[in-house]
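Should a chain be cited, it is by its letter among A, B, C and D, assigned in written order, with residues numbered from 1 in that chain.
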Amino acid sequence: MKSIKQLREKKNTAILLIHCPDKQGILATVTEFLNKNNGNIIYLDQYVDRVEKIFYMRVEWELEGFDIPADKIEEYFDTLIASKLEMDYSIHFSKQIPRMAIFVSKMSHCLFDILSRYTAGEWDVEIPMIISNHMDLESVAKRFDIDFHYIPVTSENKAEQEAKEIELLKQHEVDFIVLARYMQVLSADFVDQFPNKIINIHHSFLPAFAGAKPYHAAHQRGVKIIGATSHYVTSELDGGPIIEQDVTRCSHIDTVPRLVRKGRDLEKIVLSHAVFKHIQRKILVYKNKTVVFN
Amino acid sequence: MKSIKQLREKKNTAILLIHCPDKQGILATVTEFLNKNNGNIIYLDQYVDRVEKIFYMRVEWELEGFDIPADKIEEYFDTLIASKLEMDYSIHFSKQIPRMAIFVSKMSHCLFDILSRYTAGEWDVEIPMIISNHMDLESVAKRFDIDFHYIPVTSENKAEQEAKEIELLKQHEVDFIVLARYMQVLSADFVDQFPNKIINIHHSFLPAFAGAKPYHAAHQRGVKIIGATSHYVTSELDGGPIIEQDVTRCSHIDTVPRLVRKGRDLEKIVLSHAVFKHIQRKILVYKNKTVVFN
Amino acid sequence: MKSIKQLREKKNTAILLIHCPDKQGILATVTEFLNKNNGNIIYLDQYVDRVEKIFYMRVEWELEGFDIPADKIEEYFDTLIASKLEMDYSIHFSKQIPRMAIFVSKMSHCLFDILSRYTAGEWDVEIPMIISNHMDLESVAKRFDIDFHYIPVTSENKAEQEAKEIELLKQHEVDFIVLARYMQVLSADFVDQFPNKIINIHHSFLPAFAGAKPYHAAHQRGVKIIGATSHYVTSELDGGPIIEQDVTRCSHIDTVPRLVRKGRDLEKIVLSHAVFKHIQRKILVYKNKTVVFN
Amino acid sequence: MKSIKQLREKKNTAILLIHCPDKQGILATVTEFLNKNNGNIIYLDQYVDRVEKIFYMRVEWELEGFDIPADKIEEYFDTLIASKLEMDYSIHFSKQIPRMAIFVSKMSHCLFDILSRYTAGEWDVEIPMIISNHMDLESVAKRFDIDFHYIPVTSENKAEQEAKEIELLKQHEVDFIVLARYMQVLSADFVDQFPNKIINIHHSFLPAFAGAKPYHAAHQRGVKIIGATSHYVTSELDGGPIIEQDVTRCSHIDTVPRLVRKGRDLEKIVLSHAVFKHIQRKILVYKNKTVVFN
């Protein structure tokens, strides 16, 4: 299903993400570097963690008119600035559309929400493939014209099936993975190949109710609010850096099926917001926590 | 697109909605009527407006084992109870699946949300048709296998086109209409034929910013929270009984396009919640206000 | 400090709280009992847990004109209805103003919020005493003209000091206790004497971050939302039935001191809401969960 | 009532607030100025309105070690930077504790909230006086040891009484005024003397329900959410720049008195948050809108 909306003309920009030990003058140094080379800044956000003494920054500027050619920016920035200030950094270009794979199982709400936004042209992303361990959602993939790969996983065949998945992801040059209620735990080996590149949605307000059946656990505990949490996947189950959370009220009248229904809306919106932040390169990860810029 | 999920086995129930002048004993009278005739109540909610002295009630009971045949319930209830207590009431049956038409223009987010829930089997509803004054969303309708009727409306042809729409709605035995960001004001004549049966989504926290371009108005005013409102359509523009509202925070950094983007998520969730309440017959309307049961 | 506002004329009412095994006709039976004896119902709320098959009800009616004398209601209700239907119930009268003790340590925000509402006449409650294990808040108590009892507790003198506290509570005929950021764990013996009569505020969204230093733990985990939880105290630390919860957004910029500051507003509002529900006798407890009526 | 808590040792800092036409290099210029003169920045936030092309900034740095003496900073900054870049700016010092007057009428909840925070040492502010057009809250002022001035205002004596108020405010060197549910409209003359220095709380989600009796209007309209709005006072009633808003859910069961009760908690928290932002000098006003930094 092609986009139903003409995509807006994209600005040709570069995006620089930085974190490094905080020192006097980093912000001035970086903005001067851009200004002196005629880089018109269209977005700048920075944050200093004054406890850990870490400086974080996201700056985006127009490539048109910038004195340094796009393919030389990294080299120049590294030599002139980054190496001197011990910076961890990455440079991205608005013309590089990230490629995302979706992993699903049987539940469709997150998948529908992602594909609807994709089709409506809300996101600058390509979705070359959906991978699933069940056939249930093949018809959805088909209607949205996305390749659907059925790769059932059992405890016996996990290593082999994950190898097949990784092969597919490489073939399709996938940049990051979204687990849209994928009900399989990925192996540590798999996760290690995609650091801060696998986004999961967990159907609770983490760290409460990590693991299986969180709505049952929430009902059992009698909480008055339920939530959903989107996070990067690490080898620790439901323990990775949290990107986004949201909650909704519940009460004694909410049975488990009612919680499940309320939760679906939270899950899809929270996951989509996290994915959108990732696509925009607005997330920095440090020590199992995220800095998410506006 | 057929439902991707086996629909749950539906209970065979009757639903009674009542409002009437408050008096002692109404609740006892109604519940006794059901109990004595072996009606197993599975849901009961009531509310008394003690200022206006109005009693509201929604009760649902199983038809299996109920002594009065389904097609006689209305007659018996009317004779034995309703007429004596000056009740305004309606009786519905879970086996009657309501039929809903969707009116759209160019924006797809509410339509996608509705069709996703429909396809996922979340709602007990039939959607026989989509009507639009633009062709833009035909491809969406097609992918979900819903009939799409293109009925462009201008100030000149409005009466005639609305007549065509009403004809179609009757043919398809449509029970209620959802305006999923339909950017045409319906005539008073049209609205009068569907009292409390047209659900609209307005992209502001009504009564603030009624009328056109609410996000521009919100930005102009510098509000710190934006909202969306779903309401029944009456002949007063954006003035009908409010069913559901929700809000989200914004700040000085939110330009109009950012407000529009944030607002889309509010709009689709608020509209879908309102539609779901309507499908479940949980809404009573009285004096331009709603009683919405849980 | 006397109330600064003339208290409204209180209606002379009785309140009946019930939970019992669900059966056909309970609601009709109870409302008939009140109607036949000329009890004018001014509030009725009921809820059936259809999974556990438990019926819950709160009904309030005017004593003026009621055929059964106030001091005979319990006997009549027990004989005619409750004993037949295996009801757990309690009867309260609006003229009985509950008496509440406040336990505090060093933090003043919850105490100020409670005393402000009390002084403003928002609550129908008496506060004969404040107990504290520190002297810090004595001046606050004094300014609001409430007796302040300094009872420092150590692991060595705990049993003895709690005995002193219980003695005081009995002397002052205290009905329930509010722990307004009281930083001492009460012994199981103490707790057992006040079942569902001790209300605590925990400064996290339970069950996340139970125990000490929840804001530090929340910061460490990098959550995007923090919360507060009010619950009845049981012998399990932070494990009692939850009455009320609320949350607020946070982000990477929120250091621990900022979380503490944001949390204070949550804590005081959540605790005061829970206390108000308790004062109104709108809470039923069953199996470590609450039913909280509106 | 003296502060019950030892105030934390305050850092000796300067705060610079700027807005000016956006140009390349402003951020670099300002941060360089501070860095070169050994100003250790402890907070920096900036925002560019790319539609209006306005640059906004708040920067705070330590005075200890800064090369320019505190009393020369303004001169140097003006000469070297501000005048060249057409900046609107102000410089503040953490050692200058702002002085605030509170205006009240009969309702105590906002006053209690402010005085509680003040007494608890939450805010770096002095409160030399409370002015009221009613005697009701004198006892509250007395208990917190704040001077209370009773200045009743009628349509006849307004000009004269406001002159008296202004005289008092000057005598006490008051920097800004908080209208804590003060039920009198200030004259345009009065307002003009305190531009962006009078903070009001309005008991609705503005611009909905401006003017008198907003809870009645909200109830009448049947909204599902109510709100409160804190704003700077301008000569347009309830039309000044919005600082902070918050909302809470309501439903058909909420009578006007229930809305009033729910609203009180919103009002006091929203007002106190706005006041706190003002005290921290985190608010910039431009074209009837605010930029509120975190």
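Keep this in mind: a residue touches a chain if its C-beta (ideal position, glycine included) is under 8 Å from a C-beta of that chain, and two chains touch if they have at least 3 such contacts.
Going by UniProt, the chains are A, B, C, D = Formyltetrahydrofolate deformylase.
Model, not experiment: these values are computed from the prediction.
Student: Let me spell it out: compute each chain's centre from its C-alpha atoms, then which one is farthest from subunit D's centre?
Tutor: B
Student: Residue numbers at the subunit A-subunit C interface: does the shared fraction exceed half, giving same, or fall under half, giving different?
Tutor: Same; most numbers are used by both subunit A and subunit C.
Student: Based only on mean CA positions, could you tell me how far subunit A sits from subunit D in angstrom?
Tutor: 38
Student: Can you give the whole-Å distance between the Cα centres of subunit A and subunit C?
Tutor: Spacing between the chain centres: roughly 42 Å.
Student: Listing for subunit D: what residues touch at least two other chains?
Tutor: 50, 253
Student: Would you identify the shape of the chain contact graph, picking one of line, ring, star, complete or other?
Tutor: complete
Student: Any idea which subunit D residues touch subunit C in the complex?
Tutor: Residues in contact with subunit C: 1-2, 4-5, 108-109, 112-113, 116-117, 119-120, 122, 136-137, 139-140, 143-144, 253, 261, 264-265, 269, 272, 294.
Student: Name, in rising order, each residue of subunit B that touches subunit D in their complex.
Tutor: 47, 49-51, 56, 205-209, 221-225, 227, 241-247, 251-253, 255, 288-292
Student: Sort out for me which residues of subunit D touch subunit A in the complex.
Tutor: So the residues of subunit D touching subunit A come out as 24-25, 27-28, 31-32, 35, 40-42, 44, 46, 48, 50, 249.
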